[in-house]
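Chain naming follows the written order as A, B, C and D, and within any one chain the residues start at number 1.
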Amino acid sequence: MIDKFVRSMAEAMAGIPDGATVMMPGFGEVGAPNALLEGLIEQGATDLTLVINSAGRMRVPGKPPNAVARLIDQGRVRKVITSFVRANSVAGDWVRDGRLQAEVIPQGTLAERIRAAGAGIPAFFTPTGAGTLIAEGKEVREYQGRPCILEEALPGDVALIEAWMADRWGNLTYRETGQNFNPIMAMAAKLTIVQTHNAVDLGMLPANAIHTPGIYVNRVLHLPVGDPVLPR
Amino acid sequence: MIDKFVRSMAEAMAGIPDGATVMMPGFGEVGAPNALLEGLIEQGATDLTLVINSAGRMRVPGKPPNAVARLIDQGRVRKVITSFVRANSVAGDWVRDGRLQAEVIPQGTLAERIRAAGAGIPAFFTPTGAGTLIAEGKEVREYQGRPCILEEALPGDVALIEAWMADRWGNLTYRETGQNFNPIMAMAAKLTIVQTHNAVDLGMLPANAIHTPGIYVNRVLHLPVGDPVLPR
Amino acid sequence: MNETRQGFGPLTRTGMAARAAQDVPEGWYVNLGIGIPTLIADYIPPEREVVVHSENGILGMGPAPPPHQQNPWLVNASTQRVSLRPGGAFVHHADSFAMVRGGHIDLCVLGGFQVAENGDLANWAHSPTETGRQIGGAMDLAVGAKRVWVVMEHTTKDGAARLLRRCSYPLTAAGCVSRVYTNLAVLEVTPKGFVVLDMVPGLDFADLQARTGAELHRA
Amino acid sequence: MNETRQGFGPLTRTGMAARAAQDVPEGWYVNLGIGIPTLIADYIPPEREVVVHSENGILGMGPAPPPHQQNPWLVNASTQRVSLRPGGAFVHHADSFAMVRGGHIDLCVLGGFQVAENGDLANWAHSPTETGRQIGGAMDLAVGAKRVWVVMEHTTKDGAARLLRRCSYPLTAAGCVSRVYTNLAVLEVTPKGFVVLDMVPGLDFADLQARTGAELHRA
């Protein structure tokens, strides 16, 4: 019997090696795998590359930094590949000091590069970023009279995923804007680890509305963590 | 008020010009827009390029050719872009006689080229087809030690779509294997025309299970045509 | 032409949003960027159906709900709680940006630091070397939408021009902007440069030109 | 080695499918091509969960249903009516081929015209110039799946070898095949060429070699 459910956070995090590229979905706090991220902080892997839409919120006096900022502040992140680095943030400080590499790219290019990795496309042309700083060092070719730049697939070693419902085959659904980067990161990583609010019996998810088919999922941890908390 | 429903086949077919690239989904008879295809035969546009998974079934004695074969047999198709041309078919005869061009390509490359057109990717590399006849004349580049070939986006002027449910914004859902090429062809064409089995009120389709959001749809014709008929 | 410099009233942020909202026709699919552009949705009359896209995966976004109806799973690209209109859909990030990059969005309205008379837009960085880099979806939207409008103050707080012959800040995208709504005027970007479509009452052409770093043309 | 030529029984089509089915472990995601490969699903014991993919958009395909449960909307890649297992999902064609091309399918089993000792596969055309070109999903599957097995008769009807030093027909993909199940033997494709893992009872190595167009190696 296929059963992708794991029983503990330690089991969920087993084997994530130093040097791994870890994909972290979430937009704001929605669809962000915060429990798994705490598990990763606990687990200890270091020298990580994070693929994440935003490298962390602005510093707010009196508010503790979020989990991504803490992971960076522990010196465990070598590089972020992201669409936002804020100057006034933990990541911003580390980038300024030269202790953190940041590859900051357009959000749609980030999404498409991740999807390409999942879909077996090693590289593609896109007009986004042509003629800007983003294009530096990239091959340019014209299509339909527009300059386009060559972007490569962005695969991950590990994806940490936050689902609303999951079954033992690893089929997943998400709530409202909780999809965001989750389905494509699940496709793009060699090891896809899920925290799910709800565990359901096989066959309970509607077959034509499964957002992430189980083929993309390796481990599922049932953690009813409650609603996302807004930063402000 | 946005209302994409049209009242007649003539209205649905209005303005399809000679020389158009027409995308036709369907796998077997499932998800095939057969009523719209009859409408196109009636409408009269000629010199067409068809993008279609299969250029037509084998001849079966005593069975009439299907609508695609009839369109070809009327001399109205200049070219098919497809993953199957059967020797013993109407399309096969026309190709053999040099009266029909056929670009026969891998099915996954066909799907990905259509999706690329919808997603604004003018070209991408893929290992599929490298080292085969498909690679002739195409740029080859190695990624991760594998030869990959450059494939271009495949856009359409018109897509004929078969949906199970539709609302007035043009949101669509499909039944079982009726999705196939429908969602990606709807994305890839300038003019997307839908036949739907069911017309539903706005808000009735579940927001996280809409297969084709209305942004990709121009016209919807409500035609409860009944179940697909198997060829044999 | 006979007004004094003090004789005109610049539009407020909501005034700029309301002005831009006038020009959005029914049936368009629009993406409204962070800041003033987001406010535009509030000024589109409810009976005029416009479908709002948010790049985090909403097509058919509705306004902020009353507090008791807030859904913490439903946020917009500014991570504010919003609602979904009947007919709305949720999609993942690649599908959301396929709508943008595939040329399916009729209009995207962005904030701007600078707009050049050739349509170049700068709205993400003040220099090539600064640490903070907040690109987000702006480059995708600027390149992918069928039309790009920019809503911004006509000048900086220090009075420097934002409408320029050429941008001095790093570009978001080249030649993408078709129209600019400022607190002073509405300008079309044309092959000959900026054409003034509209000015706030009391402002004269010479005054507007004096606040602009590129040659203005009359409509 | 002391059997006569007449002393062995080649496997039937279902026998080949049953033999290949033995080697498919629980938990694999598999795509089964048109023809004999499709029959493999019937020989996987029901208690061994294997998830079958069909390129027209099914993950978790089940067997043909009884006539009264047939659903005309649910067909496989051979357009035969099939069923969906609990846990199955329907997707569109680009998402279906993303599973294939993205390297997510553990095993694809295809029919073949020819397999070469370097793993090259030819299974879609007999010459570069024939009119009929039926590529379908074979090139995507052959390149994209983690493992490619081929099930085919060991020789043509005319007795010509199908296992060759090099394919003479147009290739489907280069170097993709890892194992071949024929009506006579099971062979692994290795860096040194074909290694014989298994033969039908009564067949000797020399007999198998005589029917093969490439050098065979003992396991």
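In this section, contacts are C-beta pairs under 8 Å (C-beta built on N, C-alpha and C of every residue); 3 or more make two chains touch, one makes a residue touch a chain.
Source: prediction; values computed, not measured.
Shared contact partners of chain A and chain C comprise B. Work out the mean CA point of chain A and of chain B, and you get 34 Å between them.
In whole angstrom, the spacing between the mean C-alpha positions of chain A and chain D is 36. Chain C and chain D have Cα centroids separated by 56 Å. Among all residues of chain B, those that touch two or more other chains are 112, 115, 119-121, 126-127, 175-176, 179, 207-208, 211. Taken residue by residue, chain D touches two or more other chains at 84, 90-91, 94, 97, 100-101, 144, whereas all remaining positions touch fewer. All chain pairs that touch, listed by label, are A-B, A-C, A-D, B-C, B-D. For chain A in complex with chain B, the touching residues are 112, 116, 119-128, 141, 143-144, 148, 152, 173-176, 179, 206-209, 211. Chain B contributes residues 1-2, 115, 117-121, 167-169, 171, 187, 202-203, 205, 207-208, 210, 213-216 to its touches with chain C in the complex. Per the touch definition, chain D reaches chain B in the complex via residues 54-58, 71-75, 77, 79, 81, 84, 90-94, 96-97, 100-101, 125, 128, 130-140, 143-144, 170-174.
Taken in their complex, chain B has these residues touching chain D: 27-30, 83-88, 92, 95-96, 102, 104-109, 111-112, 114-115, 126-134, 175-184, 211, 227-231. Chain C meets chain B in the complex at residues 26-27, 29, 49, 51, 53, 59-60, 84, 86-91, 94, 97-105, 144.
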